[in-house]
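These notes concern the structure reproduced below.
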Amino acid sequence: MKIGFIGTGAMGEPMARNLLKAGFDVTVYNRRTERSAVLAAEGAHVAPNVAAAAAQDLVISMLADDQATETLVLDSDFLGALPPHGIHVCMATISAALGERLQATHAAAGRGYVSAPVFGRPPAAAAAQLFIVAAGAEHALDACQPALDALGQKTFRVGSEAAAANVIKISGNFMLASMIESLGEACALSARYGVAPSQLVEILTSSVFPVPAYKIYGGLIASGQFEPPGFPLRLGLKDIRLALAAADSKEVAMPVASLVRDHYLKALTRGYADFDWAALALVSMEDAGASPRR
Amino acid sequence: MKIGFIGTGAMGEPMARNLLKAGFDVTVYNRRTERSAVLAAEGAHVAPNVAAAAAQDLVISMLADDQATETLVLDSDFLGALPPHGIHVCMATISAALGERLQATHAAAGRGYVSAPVFGRPPAAAAAQLFIVAAGAEHALDACQPALDALGQKTFRVGSEAAAANVIKISGNFMLASMIESLGEACALSARYGVAPSQLVEILTSSVFPVPAYKIYGGLIASGQFEPPGFPLRLGLKDIRLALAAADSKEVAMPVASLVRDHYLKALTRGYADFDWAALALVSMEDAGASPRR
Amino acid sequence: MKIGFIGTGAMGEPMARNLLKAGFDVTVYNRRTERSAVLAAEGAHVAPNVAAAAAQDLVISMLADDQATETLVLDSDFLGALPPHGIHVCMATISAALGERLQATHAAAGRGYVSAPVFGRPPAAAAAQLFIVAAGAEHALDACQPALDALGQKTFRVGSEAAAANVIKISGNFMLASMIESLGEACALSARYGVAPSQLVEILTSSVFPVPAYKIYGGLIASGQFEPPGFPLRLGLKDIRLALAAADSKEVAMPVASLVRDHYLKALTRGYADFDWAALALVSMEDAGASPRR
Amino acid sequence: MKIGFIGTGAMGEPMARNLLKAGFDVTVYNRRTERSAVLAAEGAHVAPNVAAAAAQDLVISMLADDQATETLVLDSDFLGALPPHGIHVCMATISAALGERLQATHAAAGRGYVSAPVFGRPPAAAAAQLFIVAAGAEHALDACQPALDALGQKTFRVGSEAAAANVIKISGNFMLASMIESLGEACALSARYGVAPSQLVEILTSSVFPVPAYKIYGGLIASGQFEPPGFPLRLGLKDIRLALAAADSKEVAMPVASLVRDHYLKALTRGYADFDWAALALVSMEDAGASPRR
């Protein structure tokens, strides 16, 4: 099976590598050509343009956001180049609205579309340990399953509506952001009673929340170390905006999401755009006179 | 070491039993005498009144709330009966303010005081698998450690200020309640996109949150089954009020806690006082037309 | 001065009539032609298409929302038909972003643009008692002042940046919506203490808030009468979304606006889209078991 | 009619003076004796203790808060000194719970009780232009009406339940605080679009909100001048706490009140306890990088 891979950034590069390792014939494309050199040395073909990358059996896109995905897929000759039997697998974290729109556009063009966002950060991508949430037509899901198996530890199939997969990914990031916000408030409270945030985090993660997400983000918050970012705060804001937009269009109130969005905006004003998104916790801690930073 | 145990309810009874099993000489007291019969059959002495239970080396109290604790400890002859070398270990979830007050009152009376609230529900108490957060004078903590070892899997010592332990317990319950609230919002969103809450919960707990707290509460929310309650909603409200009171007295804003409190109040109005506290999630789900209940 | 008037709805019709009364030569255009008949009988010319209405010295547009304004102004031959000395005065409540974009588009085409949203509802429009907030180039403001004088009781000039006028209008509607929300919460509280909302409203508007806005909306809330709507709830939601969008793009947190948006979404779910936007107050009142409706 | 007046502070002193002017026989008491000297020179008797002030036909108390009222009324010989036909009129802003408790205590002692909090600040008190909200038994209200007529421009009678009057007063202060919060958010938004807060306030108060409350507080916010305080921020926080406590005890969610409370707490942390309570607006403005202060 020939696979096109568009977007070889921090996540895309290790994912493309895993496809190569699994024996697939992979053609990569990145707007910035130099990003493709390493993969070329490892056996990938390098497409000179989008169309060349799209002229494959399966085309995976892993771009930064809605705008990048729209530009590359809708405002280019991508769809024209995708073969009649071709399937586009969009693995980026994009809006539910764009997920719906891409599915409709592909259907109108008689092409296959799978929405398959992932949980996991670059190290998980490198270890082929991503969790993949996939939605699309049954036969399209079947067709891309071998490729997904090379990328993640598990694929959750969630039906035929593309947006469902996007919303689950968005919900997961919302859950993480709300966890960070709550940790910030709990640390602020405890600190004012003389309890070091590191101690609170240790107790919580040894008892009720013995799980990496709490340990990692709790550790960042307790130490006040938000640079370099694992996932920058401005992208955390982007994702919470995706949650609110998805909710708004279905008339769902998500008050914790609203609150997290407001705190992210304050964090931007305080200059934390390029901190790790866990710096969301700084807002409540600073507002209580309990900043972990010196 | 002779131990008095006051309050042999759902948590207290298995805890007192574990002390008996560990070989301690235990004298139990409960306002409702019939609650002491089973433990008596297992070797406990039964105190006819508070004073008799308090006339021991170590006296553990495990009562429902602030009011019960105040009534039994401050408005009785408890302190007069506690011997000069006696130590009172208060293991209930009480307010930080009462924790401070009890510590001061015992100090003024020349008696030892340890604040030692626990994480864990009745099954964990029965299995001696509680997590205990203990604060108090070093020598008092040392003195009660053997008893605590018979009750839990781990004791976290958090310094000499009693209120610190109370605040950590309160923070933990706040973290759980905010998790429930966020799960409710995420399930509401997903449901409106055709994703069953059970599917969202399965994905979240298989990927980023593979931990019992998310599985248990997520399962309750997805099934819409909130009766019988593991921990009733009105007590969840009580605990979030403790968080807000502790925060207020130190000038800490906890907006997620405020929001959770408001949703608990709405849940009461809807008649959910005796549902499991996970029914907090119903408020957001119902408000979005996505109730899990038939 | 020849004036084109586009959009002769509930607000636009009486405004165009006032221009006729003031002696201006007015050419009206409405997508639905029958809406122009009455004004034609009163002396207005009826334009057969947008271009004809736009070929005037001054062209006022008063359309429903961003989409209608974009369609008519940007996706038509409007700009091509506007004469070189022509000035477009946009009086609709549109987003700050569209205000900026329209100003830039007109500038690029060498045409004048004035942003001039209004405070006031149809009766105020009919009585030429609107409050107008106008932004644009000095000479353009001077040129359209005589027309604005025929429409309102006062024009506030707020500088040369079009978006400033839009943001002030949006802020005013936000203030009204937040007043409604707070009234709902206060009525809910008082009702639970046996105070009829009508009594609370009477006291508040006789003492600290003796002003029509509080009397009118307070009266609606107290009576529970939200039909027919003076201004429908779904448009109230539209305006609070404009506030949040404007705030988001400048990194401003507006927590009351977030909360009002969330309550408007709940009101939609409850079926109140076509109630008066004061029905926002129902959410808090119903949630407290204190609905004013029988 | 002989009137006792307890608490001759910023509000109480001009109120007592108006009673003297109206020809009543007035006996004043203040914990700090020197506060009574001026009134003595104007014809008031000075009571040497609470009991002497309470031994009158009508006794008005105007103290700072719940605690002061409890101490003076419940923990003293006040009730013993009040004659069998005596009526106590409590005009302070106290909690609904204390209002209920005082009414019950007086009833048990066979004494009359009227709850009569006021709207208006010291200048309004001096001008006898207060708005009075009164609740109590019909005959007691009738008996004190002449005295109330000497103090305010209007008395609203709201039934026989004392707490109703307290809740209305609390609701009014909540409405004012929420207005301040919303003004702060609107000013933050506008400022980021280049609109001076003073301009926004002028437009709002010339159009939809032409009323002193908006003008006064809007003016303070726009100028950034919060000292000296007309009403200090820490008392504003006190009053919003009264609203939340009253709401909590009746299971009413007041999300705007929760948010205002949280912002007041942040304002305390920022050192604004003794600013005018309008400094609540600083929180949102500062958080958006739009502080009005230099």
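A, B, C and D label the chains in the order they appear, each numbered from 1.
Here is the rule we go by: a contact is a pair of C-beta atoms (placed from the backbone, for glycine too) under 8 Å apart; a residue touches a chain by one contact, two chains touch by 3 or more.
This structure is a prediction, so every number in the text was calculated from the model and none was measured.
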Pair sharing more residue contacts (C-beta pairs) when B-D is set against A-D: B-D
Identity of the chain that, by mean CA position, is farthest from chain C: B
Length of the line joining the C-alpha centres of chain A and chain B, rounded to whole Å: 37
Distance between the centres, which are taken as Cα means, of chain D and chain B, whole angstrom: 39
Separation of mean Cα positions, chain D and chain A [Å, integer]: 53
Contacts with two or more other chains, residues of chain A listed in rising order: 247, 251-255, 259, 265-266, 269, 287-289
Residues of chain A that touch chain B when the two form their complex: 96, 119-120, 131, 133, 154, 156, 158-159, 161, 163-164, 167-168, 170-172, 174-176, 178-179, 181-183, 185-186, 188-190, 192-195, 199-200, 202-204, 206-211, 213, 243, 246-247, 250-257, 259, 284, 287-290
In the complex, chain C residues that touch chain B: 255, 265-266, 269, 287-289
Residue numbers on chain A that touch chain C, as the complex places them: 241, 247-248, 251-255, 258-259, 261-263, 265-266, 268-269
